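Below: a set of structures, written as structure tokens.
Next come two complexes built around chain A: one with chain B, the other with chain C.
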Partner chain A sequence: MSFINYSSREINCKIVYYGPGLCGKTTNLQFIYNKTNPDLKGKMISLATETERTLFFDFLPLALGQIRGFKTRFHLYTVPGQVFYDASRKLILKGVDGVVFVADSQIERMEANIESLDNLKLNLAEQGYDLHKTPCVIQYNKRDLPNSAPLEEIQKVLNPSDMPEFEACATTGEGVFETLKAVARLVLRDLKQMNR
Partner chain B sequence: MIAACPKCSARYRIDARYRIEKSKLRPEGARLRCSRCEAVFRVRPPEAEAVPAARAPAVPQPVPLPAAPTHSSRVVTPVPTAPTSEEGHDRSRLVLVADPVIEEGKATASALAAWGLQPILVHDGVEAMLTIQRTLPCAVIIDAALPKMYGFQVCEVLKRNESLRSIHVVLVGAIHDRTRYRRSPTELYGADAYLERPQLPNALWPILREFGISLAGAAPPPEAPQELPYSPASASLQPRIESPAETIAPPEPIPDPPTPSAVPVAAAQLPLDPQPGQPAAAAAPVGEADIAKAERLARIVVSDIILYNQEKFDAAVSQDNVVMAMDAELAEGRTLFSQRIEARVREQRDFLGEELLRVAGLRRTQ
Partner chain C sequence: MNDTQLVMYDEDFRKILAVVQRLVQDANAKGIFVVDRNGQLIAEAGEMRGIDTTSLASLTAGCIAATGGLAKIVGEEEFPVHFHQGQQDNLHMTLVAGRIILVVVFDDRSSLGLVRLRVKKAGAELAKIFEEIRKKTEQEQAGGAGTPFSEITDEDIDNLFSV
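Up next, the complex of A and B:
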């Protein structure tokens, strides 16, 4: 749920990058962090393990312009993707305004994608959200790998309801900002509709 | 003297910026406004806190506030037997509990009260920071994911601030299997000890004793299969050992930290084993769909295990001891498996072990 601070004239929105383990959620955030004007971003907090895997979440506050005199500040989070860490995912998903589902395009991770998407639906439902009514975009990451599944096949499995979708290669940054812009646009549109 | 803003962590050299000489700071400190985030906070001279017993602060009252009304976020558990100083309160008995979940915070606070301590309960990071500065407790039990200001940020500020560094900090996380990701508390933002939510409150007893805080009453019984809490001392005594004897039996499933919203609805995540009073499900035959579901979950779990342990897995494949080498990871997988797959299906065969061997076989042929 967006938090509007009238005294500081700020709109704070929470965007969560969700997806199976090692699909590239943290890489997305790192790319955004590295390419963003230092004046617009906060400190990136990362609780990573010795092997640099996300332990709890990554967190990146980002200022993205103004709407009717209100500054918009997006708080980007990732979740631990491993199937074991559902409790952390539930916690991080609380109060979410928008979701980026990062799918791993490799054929051998297709079942993990499905599991993670099901888990996302379930965890959103626990908070009273419906995935299809929540601002959400899908990013098909790792499109550059030789073992990536055909796009049509992934779309059929993961995106039957035609959510906005993007092909990406987060290590090079391809598709990363397009994804962020799309989800930010959806979040702000949602916010506008709520305020009417 | 350098002071850090509790909200944005901006650091200020007090004498230079505010023209207050350290020696002229009164024991109760001075109120400053952060020029970056405009938060108001209090700065105290370090020596005022370094010897609290000798020099009790004149103005600030390190006092657990009287029982708060229900709409307030601060709840104080009264402790009739707590020892008192000349002002009526003893800083060495004050323990701050910062927990976003009200009920769980209350449970921890009442356990502390039963041990003769004076708990102060707060529910967000900013309030925790302000309360710590005002009351100077001897220890802080702080959740990592507090609203407004994260617990680890609070911890970082405390440990960076000379005048607050002596306060013991127990950081509470919500991670299930800490053994996979164990890091030293100094890395964890300087916390003195680290606990997981399911271990509260009983695991606090040895930690507080280790901090040198005397506790009333008897030690609570250890919760059977859980590990010892992580603290510097226990870490040195308890290296990470992966002997077969320890790792063959899968650990007991540690439940997800209960959240108010999760309790009534999370039926799909709950263990599917029949309850004692529900015999009907046990009699149901195992269908192909059940087997397919179990096989699918086994593939996902094994895929995750291998992905996160590639070098270990490859070494185990080359040495032909995959099951033994990956036993700790398999145990974690089995815990999840037992939560998601009914016992009558699990009993059919070892889904996880078979899947691991299948993938190992494939890797070998590659």
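Up next, the complex of A and C:
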């Protein structure tokens, strides 16, 4: 749910990175944090376990620039990917403006990807949102790994509806900003249509 | 997707600010923050300048969301009032009109009783203001009233990413 503040001339949007456990959601945010000009970012918060698994969420506020005199600010969140944290995922999805689904390209994680994508659809539907009407992009992460599944195979299974998609390697940053830009674009276009 | 978006005009902001500035005085508070339930900071007042308000807003929303989830598990609709006691500073959080979180930071210059009393009145005033904002937003969306975003072009959006 975007927040348009005429007083400070700001528009704030919420983007959620979703996906199975260990797919690289936090790594995406860490790369964005490390490569962004300090003037454009706030502090990154990670509510994680002692073993650095996301417990509740990661949060990174980011300023992208101005549109028609309004500062555009994006709040990036990740969800905890592990299956048993579903209650937390539902809370973080509330008020979402755009979703990045991060898929793990490794063949052995294909089932976990499918389960997580189904879980995303279900949790969005509980809030009255339809994944296909929600600004959403899909990122195929860990493309550099030798055991990654062929791209056509993953596309067929995870993206039959042809959402914008990106190959990535979040540890080196390949595809990370392309993914972020694409979802931010979709969110702003959605906002434009909402106000028509 | 954005059917319940929050649109705040300068006049709304000034009304909210007047309420929280008064609350700082009335409750002897160090700082007051008004946060949207989704983690956006709406207004602040008091002497706590320079703290990381963006993180404060996001964590407040996370805290309220988590305890809201807990409430439902035990059969409550919501736990609308939260109090965190520290060694020097204390945090009092209230959910207003199911949508806005009123955060009061106070130390030993004030007391929990005083904060509770003053927050009750200010909360009611804020609830009224946000109900007006909600109605206004709904009317504007229903009437198709334009905002700066109805006129943005794909080129404007692309320019944002060209640097």
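Odds and ends about this structure:
Please note the rule applied: the second predicted complex is superposed on the first by the 196 of 196 C-alpha atoms of A that agree within 3 Å, B and C clash if a C-alpha of one lies under 4 Å from a C-alpha of the other, contacts with A are read in each partner's own complex, and residues count from 1 in each chain.
Here is the rule we use: a residue touches a chain if its C-beta (ideal position, glycine included) is under 8 Å from a C-beta of that chain, and two chains touch if they have at least 3 such contacts.
What you are looking at is a predicted structure, and each value in this text was computed from that prediction instead of being measured.
On the shared subunit chain A, the superposed partners chain B and chain C overlap sterically. In the superposition on chain A, A:45 makes contact with both chain B and chain C. Of the two partner chains, chain B is the only one that A:125 touches; chain C does not reach it. Touch criterion met: A:88 reaches chain B and chain C at once. When chain B and chain C are set side by side, the one touching more residues of chain A is C. In the overlay built on the shared chain, the residue A:189 is in contact with chain C alone; chain B does not reach it. Of the two partner chains placed by the overlay, only chain B lies in contact with A:21; chain C stays clear of it.
The clashing stretch of chain B relative to chain C, chosen from 59-67, 239-247, 311-319 or 347-355, is 59-67 in the chain A superposition. Shared interface residues of chain A, touching chain B in one complex and chain C in the other, are 45, 47, 56, 87-88, 90-91, 94.
Note for the complex: chain C touches chain A at residues 1-10, 12-14, 36-40, 42, 52, 54-55, 58-59, 62, 65-66, 68-69, 141, 144, 146-152, 154, 156-158, 160-161, 163. Within the complex formed with chain C, the chain A residues making contact are 1-8, 11-12, 14, 42-43, 45, 47, 56-57, 59, 61, 64-70, 72, 75, 87-88, 90-92, 94-95, 97, 129, 133-135, 181, 184-185, 188-192, 194-196.
Residue ranges on chain B touching chain A, taken from their complex, read 144-145, 150, 152, 173-177, 180-181, 183, 256-257, 259, 261-262, 265-266, 268-269, 296-297, 299-301, 303-304, 307-308, 332-333, 335-336.
On the side of chain A, the complex with chain B involves touching residues 20-22, 45, 47, 49-51, 53, 55-56, 82-88, 90-91, 94, 108-109, 111-112, 115, 122, 125-127.
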